[in-house]
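The next part holds the structures, each set out as structure tokens.
Below, subunit A partners subunit B and then partners subunit C, in two separate complexes.
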Partner chain A sequence: MGQFLAKRLLQVPVVLWVLVTISFFMVRLAPGGPFSGEKRMPKEIEQAMMAKYHLDESLPRQYARFLWDLVAHGDLGPSYKHKTRTVNEIIAHKLPYSLTLGGLATVLALWLGLGAGIVAGIRQNSRFDYASMAIAMVGLSVPAFVVGPLLQLAFSMKLGWLPVSGWDGLGHMVLPSLTLALPFAARIARLTRAGMLEVIHQDYIRTAWAKGLSERVIVLRHALRGALLPVVSFLGPGIAAMLTGSLVVERIFGIPGVGSEFVESALNRDYTLVMGTVILYGVLLVVMNLLVDIVYGFLDPRIRYGA
Partner chain B sequence: MSESAPVLQVEDLRVHFKTDEGKVHAVNGVSFHVNEGESLAIVGESGCGKSVTNMAVLRLIPMPPGEIPTGRILYRGRDLLNMRNDEIRAVRGGRISMIFQDPMTSLNPFLRISRQLTESIELHTPLRGEAARARAIEVLAQVGIPEPAARIDSYPHEFSGGMRQRVMIAMALSTDPDLLIADEPTTALDVTIQAQILQLIRRLQRERGMSLVLITHDLAVVAGLCTRVVVMYGGTVVEVAPVDDLFADPRHPYTLALLRSVPRLDAPPGRALEPIEGLPPKLMSEPRNCPFAPRCRFVRDRCLHEAPPLEADADGRLRACFVPIRAGQAVDAAEERP
Partner chain C sequence: MRRSLLILLLWLLPLSGCPAPGGSSAGGPASGGAGDDGSATGAPASDGRARPAGASDGADRGEALPAWKQALQPKNERWKEAEQVFTFNNGAEPETLDPALMTGVPEGRLAGALFEGLVTLHPETLEPVPGVAERWEVSPDLLTYTFHLRKNARWSNGREVTAQDFHDSWKRALTPATACQYGYMFYPIRGAEAFHKGEEKDWNTVGIEVRDPRTLVVHLKAPCAYFLDLVAFHTLLPVPIWVVEAKGDAWSRAENIVGNGPFKLAEWLPNERMVLVKNEHYWDRDFVKLEKIVVLPLQDVETSYKLFQVGKNDWMTSVPADKLDEIEEQPEYYVQPYLGTYFYRFNVTKPPFDDARVRKALVMGFDREIITRDLLRAGQIPATWFTPEMPGYEPPRGPGYDREEARRLLAEAGYPEGKGFPQVHLLYNTNEDHKKVAESVVQQWRENLGITVSLRNTEWKVYLSEVEQLNYQIARAGWIGDYTDPNTFLDMWVTGGGNNNTGWSNARYDELIAQAAREGDPKKRMAIFRQAESLLLEELPIIPIYIYVNQGMLKTRVKGWFGNVRDQHPLKYLWIEPTD
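Up next, the complex of A and B:
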């Protein structure tokens, strides 16, 4: 396990370097630049701006400069759009919102998804099974920009239980994290149910019944681990996606998270901010997948690492 | 016939399964009993209902799709089919243990052997914690696992097939059951390992005075291990006899055909094996005739319209057949089908 971990940890910088390199050149390939807007600015000013941010240098030089700043100083550079702030500052300011929202959504998605999936799996073809899988289907297919406003309409406008939008205390977090969690909860529920169905027909579950164990013990001790393997694989990218936030959910509920920056920076050709958000998502994804591999090892003793 | 009350008595058991193609009549009025300390074999080909019958004993038939429209299964006089959930759970693995055909898939791959053993022991005996673990190591030693104290914390995949079946047996016996039901315990194993496992089961059964039900399609296994045989065909019991009598003097055409289809070392060289022609019945409807009639060489008109009941011959041998058979021949040979 230790050897496996060391190997995987060594891979992390390589994966991230490839990610940084590819995305660096891809953003530059897109037509336009950070200062080419609707209003044409005077040529001299544009040239001065380009010079200030070293955008007049050759691409390889810019790449080398960016990589050096990143590796040596952990500096993602200045934002071209938000001229008074660095990318580091922007991310440091906005990430906590997204992490809180994403963390809550993760907890909700796991709780709803696992609960519904387990019960639906062991009570196959029951009313609960049909009902929860129908809801999961809706959760998967109805996008957040429909679910969010509907929730606002019901719980904020009609019932008046929760605030419509904003980010000020627990009450504000309920609807956005629910909206964000729903499609993930649906995926988790369906994966858990499928995993459960496969496992409870295994011979070793029959053995567990023949031992006189209670259904509770059989489900929790004997069946759940095997049933969760596919869910755990999904959770790597799933949690990373929830934590980095969603433009749509942040927009609907007026939350200043990084999700919006992700999209806007790309539209603005705010090269450094694009790189910042891409690297953030990349790091989260790599870390989550590493965690998945470790959890896998704990869940399934047949997996042998290192060889 | 034994004087003492039987450990297990199955009476007129029926098990049906609802499937997309219709209702499968897997078990149709099966009755038999298991005496105290006896080893009973239940023999028959795949799909004859022998496994289903024994799954029903511990109520392990998933319902739905399964259903048990009639029948009683008496364990020491109490009907298992009417027991409350907590009562049947105390019997499962505690009073009656089961071991299954495939040891590669019957142990939980995610849990250590120690966990799988001690959970049974803690459920059915007063032993807890370290005492339960000590008991687990003791039974592993009894089933011939080398260095049980060192190996108890292994996972199933770290054992070979034969060793896993030993672990299954240890698990089944760790709670000191009255009755062990072994469902084809050696079918999935190498021939050399089969003999070891059968010897182990026989030794443990004798040492403990435990009753044994051995489900098998392998007549060689029966001869070495069991005292009495129940032969099943098409979801019914067709013959019941002490093992020596059955081999020496089979009284049901199916038993006869079954014995003739087995290769024998003492047969003259060049003698062809006699397979049983045809296929076992599909059991899609309530049988109204003898289930073996379509494959029977002694078949008569009556067999096609009426199901023969399981009845005693003059000497007490039980069989379900309208045709008297002695020494492999229908006694009134004139009526034999040409």
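Up next, the complex of A and C:
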């Protein structure tokens, strides 16, 4: 296990370096630049701006400068769009909102998804099975830009229970985290159900029944461990995605999270901020996948690392 | 019918004097005495010349308010019963609060609240009214502007606002390293353009002069009818230069910023909200009624509307298009013509649009009414001209919808019934509204002219770069005036103009625009612009489509807000009436 971990940890910088390098050049290949706008600037001023941000240098030099600042100082540079703030600041400011929202969404998604999936799995073809899977189908196929406004309409406008938008306490978090969690909950429910169905007919479950164990113990201790494998592999990228948030959810509920920067920074050609978001997501994804691998070892006795 | 009447009214209302500076006859300096404070300032000028050379408002001498300002006051004291808090959705997170660097509308809305220029614009008529300058004089040759600063103008930390502050701020904005994108707003000032472009390094060549701490003298390179309009623009606002020097780019952050406007920044949570409170050092604080302004940066117009409905948002600066039927019926809804034009560009450097007949055929080959009346439905004005109507300027009409004539022209150019017409694309930036318009135009061309034009949409920055490199055949465009003068629309079409982007070039046109810049007489100047625009509409490197409108919703309890063609609504003049 230790050896496996060490190996994986050594891979992380390499993976991130490849990711960063590809992104660095790809975003600069896109037509237009951070300062292109509807009104053309005098050439001299554009040059002054490019010079200010070292964008007048050759690409390899820019790349070297970027990598050096990143590795030596952990500095991602200034944002071109939000002119008085640095990328580090923007991410540091916005990430906590996203982590809170994403954390809540993760809890919700797991609770809804696992609950529905387990029951549907062990009560296959029951009414609950059909109903929960139908809801899951809806959760998967109806996009957030429909679900969000509908929830607002029902709970904020008609019932007046929850605020429309903003971020001032728990009340503000309910609708956005639910909107964010729904498609993930649906995926988790479907994966859990499928996993349960597969496991529940295996020999070791029959053995457990034969031993006279209670259904509770069989389901939670024996079946669920096996059934969770596909869920766990989905949770790696799934949680990373929930924690980084979503442009749609953030816009609808007016939340200053980091999710919208993934899209907006690219549209604005805010090169430095693009790199910041790429690195953020990259790190999260790598860490989550590492966790998944570790959890695998606990869930499935057949998986032995480094043996 | 009702709507079109309303629009007509709104359209006519703000068309009071685009103030010609002084008017040469009245060029003598207004005396510094007390009694002469611009009584004509508030009255709409009939011909754009009636403004006195100097305008002042006696506020700092403890006199009665001038008439124009009196008219903007509440009629009674009821407002004192209401909580003076105003919340509005600004539509986006401001990129910066540095007035020299800001370029967008959301930033512009805040600039005038946090800073005040030498002159400001009247909230209804858009005429220049005294700001930090209590009065100003224009020399008889219209080349020298002398601004007299009021002695009680203060920064939000209590420091005096001086002529040197304006001098230093303007010098900073014009210094190339500052990279001020709207530096061209200074270009009427002698030497400003060369200095801004780095061609001239010597600041003393620029016609900005501090005569004494309360007198700033500006020398123009040529008469500029709209110069005061520019002085009111955010690029020419003063910045606290000592903070800029100490903090660099970070000076405009919440923790550092110092302003001289009616409000100051109390809190800024990026992408969440901004809170402005009344600036107790502001010279005109007694006039300011709002105590607090909450600025939301919501991009989602549906959310903005929901907040409006539950009373958490007093002003929406745009409305959800698909709810227009519902919204139109509400008393809070407003629509006003805007100083902006929606049009298409032709790339005239390549066939088939190097042929003026083909361009004209396409211009005449579709009905704009179908677009404004059936598709957009918000009261946009179908236009066959480019410059929106403005004080003293009635744009000439270009060719409108005429199916037969369009077909004849197309046949004459060698494409009878559209036969042999090459494969052509219409480029627009990805957006539902642009798509709707483009689809209608293209369909009408197919039906009327028998030509097939395909649509191509790209993301914004790609679209910009395609247009700039003339890598298109027809491209969608929009233009919003920077100031209320035809020049802001017409000078873009000069040969090689930075925003021309059509490849069109006409020596006669260039000459007319240059001539207009030299002309001191407003009437003659407008006539020259008309001539230039007629030429533009004959050659048609563009397809004018409609004049923009601004739509929004404002709670009826908010007063002191006026519709105008520039969509300028200075927050200083607002107040809240109690709801009964």
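The criterion applied here is as follows: the second predicted complex is superposed on the first by the 306 of 307 C-alpha atoms of A that agree within 3 Å, B and C clash if a C-alpha of one lies under 4 Å from a C-alpha of the other, contacts with A are read in each partner's own complex, and residues count from 1 in each chain.
What we mean here is this: contacts are C-beta pairs under 8 Å (C-beta built on N, C-alpha and C of every residue); 3 or more make two chains touch, one makes a residue touch a chain.
Predicted model only: the values in this text are computed from it and were never measured.
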item	value
Subunit C versus subunit B on the shared subunit A, clash or fit after superposition	fit
Which superposed partner A:209 touches (first subunit B, second subunit C, both, neither)	first
First (subunit B), second (subunit C), both or neither touched by A:165	second
Touched partner set for A:74, first subunit B, second subunit C, both or neither	neither
Which of subunit B and subunit C A:60 touches, first, second, both or neither	neither
Partner chain(s) touched by A:299 [first = subunit B, second = subunit C, both, neither]	first
First, second, both or neither for A:2, with subunit B first and subunit C second	neither
Residue contacts with subunit A in the superposition, subunit B compared against subunit C	C
Least Cα gap, in Å, left between subunit B and subunit C after the two complexes are fitted on chain A	48
Where subunit A meets both subunit C and subunit B, residue numbers	none
Residues on subunit C engaged by subunit A in the complex (per definition of touch)	93, 95-98, 101, 103, 176-181, 183-184, 196-199, 249-250, 252-253, 269-273, 296-300, 302-303, 306-307, 309-310, 312, 459-462, 464-466, 468, 478, 498-499, 501
Contact footprint of subunit B on subunit A as seen in their complex	202-204, 206-214, 217, 221-222, 225-226, 299-302
Residues of subunit B defined as touching subunit A within the complex	58, 60, 88-94, 97-98, 100, 102, 105-112, 119-120, 123-124, 155, 157, 168, 171
Residue ranges of subunit A touching subunit C (in the complex, touch as defined)	30-33, 35-42, 44-45, 48-49, 52, 78, 81-85, 90, 93-94, 149, 152-153, 156-157, 160, 164-167, 251-254, 256, 260, 267-269
